[in-house]
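Read through the structure below, which is laid out as structure tokens, and then see the notes.
All chains are identified by letter, namely A, B, C, D and E, in their written order; residue positions are counted from 1 within each chain.
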Amino acid sequence: MNKRIREILGWYSSDNPGTLTNLARLLNHGYLSGTGRLVILPVDQGFEHGPARSFAVNLPAYHPHYHFELAIEARCNGYAAPLGFIEAGAVDFAGQIPLILKLNNHDVLHDEKDPLSAVTGSVRDALRLGCVAVGFTIYPGSANCTAMYQQFREIAAEAKASGLVAVCWSYPRGSDLTKEGETAIDVVAYAAQIAAQLGAHLIKVKLPSAHIELPEAKKVYEKTKVPIGTLVDRIRHVVQSAFDGRRIVIFSGGAAKEDDNAVLEEIRAVRDGGGFGTIIGRNSFQRRRSDAIDLLTRIMKIYAGEMQ
Amino acid sequence: MNKRIREILGWYSSDNPGTLTNLARLLNHGYLSGTGRLVILPVDQGFEHGPARSFAVNLPAYHPHYHFELAIEARCNGYAAPLGFIEAGAVDFAGQIPLILKLNNHDVLHDEKDPLSAVTGSVRDALRLGCVAVGFTIYPGSANCTAMYQQFREIAAEAKASGLVAVCWSYPRGSDLTKEGETAIDVVAYAAQIAAQLGAHLIKVKLPSAHIELPEAKKVYEKTKVPIGTLVDRIRHVVQSAFDGRRIVIFSGGAAKEDDNAVLEEIRAVRDGGGFGTIIGRNSFQRRRSDAIDLLTRIMKIYAGEMQ
Amino acid sequence: MNKRIREILGWYSSDNPGTLTNLARLLNHGYLSGTGRLVILPVDQGFEHGPARSFAVNLPAYHPHYHFELAIEARCNGYAAPLGFIEAGAVDFAGQIPLILKLNNHDVLHDEKDPLSAVTGSVRDALRLGCVAVGFTIYPGSANCTAMYQQFREIAAEAKASGLVAVCWSYPRGSDLTKEGETAIDVVAYAAQIAAQLGAHLIKVKLPSAHIELPEAKKVYEKTKVPIGTLVDRIRHVVQSAFDGRRIVIFSGGAAKEDDNAVLEEIRAVRDGGGFGTIIGRNSFQRRRSDAIDLLTRIMKIYAGEMQ
Amino acid sequence: MNKRIREILGWYSSDNPGTLTNLARLLNHGYLSGTGRLVILPVDQGFEHGPARSFAVNLPAYHPHYHFELAIEARCNGYAAPLGFIEAGAVDFAGQIPLILKLNNHDVLHDEKDPLSAVTGSVRDALRLGCVAVGFTIYPGSANCTAMYQQFREIAAEAKASGLVAVCWSYPRGSDLTKEGETAIDVVAYAAQIAAQLGAHLIKVKLPSAHIELPEAKKVYEKTKVPIGTLVDRIRHVVQSAFDGRRIVIFSGGAAKEDDNAVLEEIRAVRDGGGFGTIIGRNSFQRRRSDAIDLLTRIMKIYAGEMQ
Amino acid sequence: MNKRIREILGWYSSDNPGTLTNLARLLNHGYLSGTGRLVILPVDQGFEHGPARSFAVNLPAYHPHYHFELAIEARCNGYAAPLGFIEAGAVDFAGQIPLILKLNNHDVLHDEKDPLSAVTGSVRDALRLGCVAVGFTIYPGSANCTAMYQQFREIAAEAKASGLVAVCWSYPRGSDLTKEGETAIDVVAYAAQIAAQLGAHLIKVKLPSAHIELPEAKKVYEKTKVPIGTLVDRIRHVVQSAFDGRRIVIFSGGAAKEDDNAVLEEIRAVRDGGGFGTIIGRNSFQRRRSDAIDLLTRIMKIYAGEMQ
């Protein structure tokens, strides 16, 4: 195992060999194997936004095998999806790509200001389906945050005891936050800290804006002059907020964009700010297969330092 | 086993031999054995609507054996009912018809905008009563959807571990939806996707209308020109929304109709759109026995391709 | 065992020998042994209405042994009471009368429109106290009905696995029902159906009036001309609604009446309508002991066909 | 064992030898050993009212050993307290006084109209601490009564299975009751009945007033002329309401009184009405130690029939 | 073991040798070893207030190892933190400092008048991470107090059975209390009593003000002339309120202060009032490392009696 991966595994010294093995599997797979960077394909939008909004633009994406193939062919580090999608291909693609079973989901047929996702899978499901990790979304700022933190804690404890990796999607949202506040730098940094304190191995957050939401935080940012002017600054600050960079923090690819350059610009900022990678769904499976592979390859080249 | 059934079982490669055996039992029983199509008799209306509204029009239907006999005589693939009805005949008709134990129910003595059915049976009940499957209703769009998704997930996990098939009735309903929206094409397709992602083997939805309910979805339907003009189009779209046709989706027979042709017209659309069959309650047991068998036979002939 | 009892046990063919044995004990005890009819003494009014309203009119009834003695001396089929009353006599009268442990109770110090009784005993209590059955009240129509159906289901499942009989008091009540609606014929018939579908062996309902509560039901009653003009008609309809008479349905004795003839009139209607018997509390223990025994004997003679 | 104690134990014939042994330990300890009467020292006011309100008037009472010593020296039948106080002396005074572990508590930093005490100890705690009994408070009349009845039932079931005695503090309180109604004779008698039906071995209630709270009860009290004119009458009625005197009912000592005679007057009424004793907290530990022992001795002499 | 530590352990005579061993480890570690006084470093502010508000003023504090090192170098008795922070260093600093795993946490992205912290760790986590104790926050006065008391009780019971120490942060807060009331002398003393009655081994409260919040308490304080004029008086009263000094009560270091003397002044009051020590977070890790060690050393000298 190379030095960088050994260094990263060293941050997780309380974990058992099973979990470290699965974390190494994720870090040592695909194009970015051994670089300490990750690009993961997530496909839960069928549940979260509905099938037509997710797949109508690229009809082959209705098929559950499509996404396994896309992640494998593009040489991503892993593929993350809800129970149904994973069950529909786990045997067919066994051993070809590290899998992350997404354990909670939410739909928009019933929406609410303070969301609480349904728990739709279990650590036992992840084990029987050969996954390396479980994923779970928390919504800090939601009136239901206590329930979600506790659900994540129990799942993370069971995952750790079972030798799996625990991935936390930490997405601030709720009636106490403004829309702008959901991606405010102080709020995203706080969300990363909460996920780290809850014991997540791998943390996914959104790209932070320069807005500061909480008045008490604003005073401190101003007084201590935390640099947040550029996206690179903000990425660095979020990574710092997750145990000074000793937890793997990856960033979302965001809403579908027609312009590849806009996507790549963000990737460079993540790289330069010390982010560990990207989880990119709509900007990959909503493109034609060859375009998606092309874009994903360019992203990975940026992370690998093979392209500016 | 014939090729079509083998193909269908292949979609469920994550399932254990027990579940595949019971799924094969359902597919290989009755008139439609081996065709990959299903006609199932469901009788939970005594609980859901009350006994008089269900059975007064055809007095023999008060007797629990009546429905076993009807399903057997008409050569349906299976018979689905709540605990009491199944207990009242499981020994008497043991081995004569695949049984689906309906595990949750709702009544109209107390009704609400955001329904939550009571869990009225268990996987253990299904096992002790010799059933091949359990059935469960979720109401996407209900403020109680999280509770129902989680109940279904736990039941489906236990069913899969016990070698049973998990059937999901996915019926959008709730205070966020209009009445028209409950059968809107985008909503029905979404409901099929949710059930599939939750891990259902067999999904039952209502026949979709051409209405589109959700504004965000409407944009996509229009932009990508999803064909939804005819019932055949819409059936095809719903089947596509359940993992591109790799989950068995069947359609409800709907409210009692006096006109057989209206029923048969819908059956043809399901067949032509690639639907896997029909679950037909009120239009069977609320007819006189011979009329019901006659209608069910004609339906099965349509599915079998023996009749236009 | 005589033919009628064998016939009745035949309706419960999914049950294990333990449950059938205890059901036979209930049917083969006392004056009505072997007739297929039942008269049961229930005494939960101390909890439900308070001790003075229940017992002040007949002071010996404060003593828990009084009711055991009354049921034994009058030769009832069984005696039903909450935990405290059963514990206070189970050893003293062991083996002299089949006991039904009432597992939930409600009091009027706190009352509400949508009641939810407290679970005050368990199947294990019933087993350690030598009972043949457990009893449980559900309130269809209550906003809390889902909780109660689920509690009953779990208790019934445990009772069946433990070889006990599950008795369901099915009393419609709640904010969606009018006061008159609680005993409306459509509502009482519906309540009997729900209890049967939930898997109850023995169902207790109130005497139905000719009122029809639910508009959707009213249409059907009128269209199909269900005979509900006399109490005998209505009893027959309720019995029919419980699986065409294949579940034992018994009727409450109602509020205390001074006139014995009013009580006996109702008993004849139950008998003639095919009801299986009566559960009669206040009209027995609120009379002087000899009067109560006299009335109970006359009731049983009517059921036995020894008296008009 | 003397005859009276054997008689009392005979009322609990459904209980196992372990529970009867511990009940005998309570009845056969201290000054009143063998009389069938009980005086118990309860000290939960530190939790229920706060430490200063409880102990500032008598500083040594802040010390947890003080109450053990007081109960031992005064020769009470037992000492009842929450987890912390019992843990703080159980070893130091092991075997010197029967202990009752109070398993739920409530404080006034947050108060509410419909209280629900927190469960602050378990039957296992009582076993590891060498207690003979567990105590639990229910508030009949509270909107939370169902939760409390169920908690008590589970605790009582576990206590009985573990050979412990279950003591129920039954204190009517809640938004449906007037302040006066909390001690109304009909309400206190009802509270005693509920505790008895829930399976309590020993029941504690407040001294009842002549007020009648519930209109339905009032009719019965007037019609049947229940004697409630004197405190002796009312004590007798409450004892009758707990299974005609076959459950041990003890009465609270009430708020702190400066006048000893007022306390003793109530004790005589309890004795003459057939009450089984007194649980006396603030009127003992809020007096100077010697005064408290003096008062407790006089109380016990009254119960023992050694003093008018 | 010296006499003072033996004396303190003697107060916990109901505990098992495992718990006493871990309590001794805490008391016998660091500068204050054997004095019966404690200074503990707690770092949960990253979760409770957010990372920037906690660490931006002293950048090295973002790193989880920083706090282990600070506590070790300053020779504190122990270090307390949430799951993530402890996991991130438990192996690296194994055996160098007694650890307290903080088992519940709250953040300010969603805040409420009646807080309920999320349970973010377990006793099993504490065991696998080599901790000597678990910590838990209750908010007496919150409408959610019942839930928190019950959570603490279950955690404390499991900790005691597992040989760990149970530490309770008892912080009055909630819609029934004024802001001033949160630190009122009667309220803080009450909070200490509640924690002691719940079975806490070690209790942390805030420094009390001379304000009295509850009218019923005010009467008693005035009548009995409880001395509360100076902070020393108030510390003494709070310690008295925790079983007359037989439970270890430590005080918070409070908000960050620029003036060391203000901090030291409070430490002297705690010492002179008989308090057992201080838990000091923001006033240590928000100073530069050398300044923090300097301040902590001075604090410990005061407690050790080596400095006025």
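Rule of thumb we're sticking to: a contact is a pair of C-beta atoms (placed from the backbone, for glycine too) under 8 Å apart; a residue touches a chain by one contact, two chains touch by 3 or more.
As the structure is a computational prediction, the values presented were derived from the model and not from experiment.
Colleague: Kindly list the shared contact partners of chain C and chain E, in label order.
Modeller: Neighbours common to chain C and chain E are D.
Colleague: Have a look at where chain D meets chain E and say same if over half of the interface residue numbers show up on both copies, different if under half do.
Modeller: The interface of chain D with chain E is built from mostly unshared positions.
Colleague: Using mean C-alpha positions as chain centres, tell me how far chain B is from chain E in Å, no decimals.
Modeller: Roughly 58 Å separates the two chain centres.
Colleague: Provide the C-alpha centroid distance between chain A and chain B, rounded to the nearest whole angstrom.
Modeller: 36
Colleague: In chain E, what residues contact two or more other chains?
Modeller: Chain E, residues with two or more chain partners: not present.
Colleague: In which sequence are the chains arranged about the ring, given a start at chain B and a first step to chain C?
Modeller: B, C, D, E, A
Colleague: Any idea which chain B residues touch chain C in the complex?
Modeller: Within the complex, chain B contacts chain C at residues 44, 46-47, 49-53, 56-57, 62-64, 82-88, 90-92, 105, 107-112, 116-122, 124-125, 128-129.
Colleague: Of all residues in chain A, which touch chain E in the complex?
Modeller: Where chain A meets chain E, its residues are 11-15, 140-143, 145-146, 149-150, 153, 157, 172, 174, 176-177, 186-187, 189-194, 196-200, 214, 216-217, 220-221, 223-224, 226, 237, 240-241, 243-244, 246-247.
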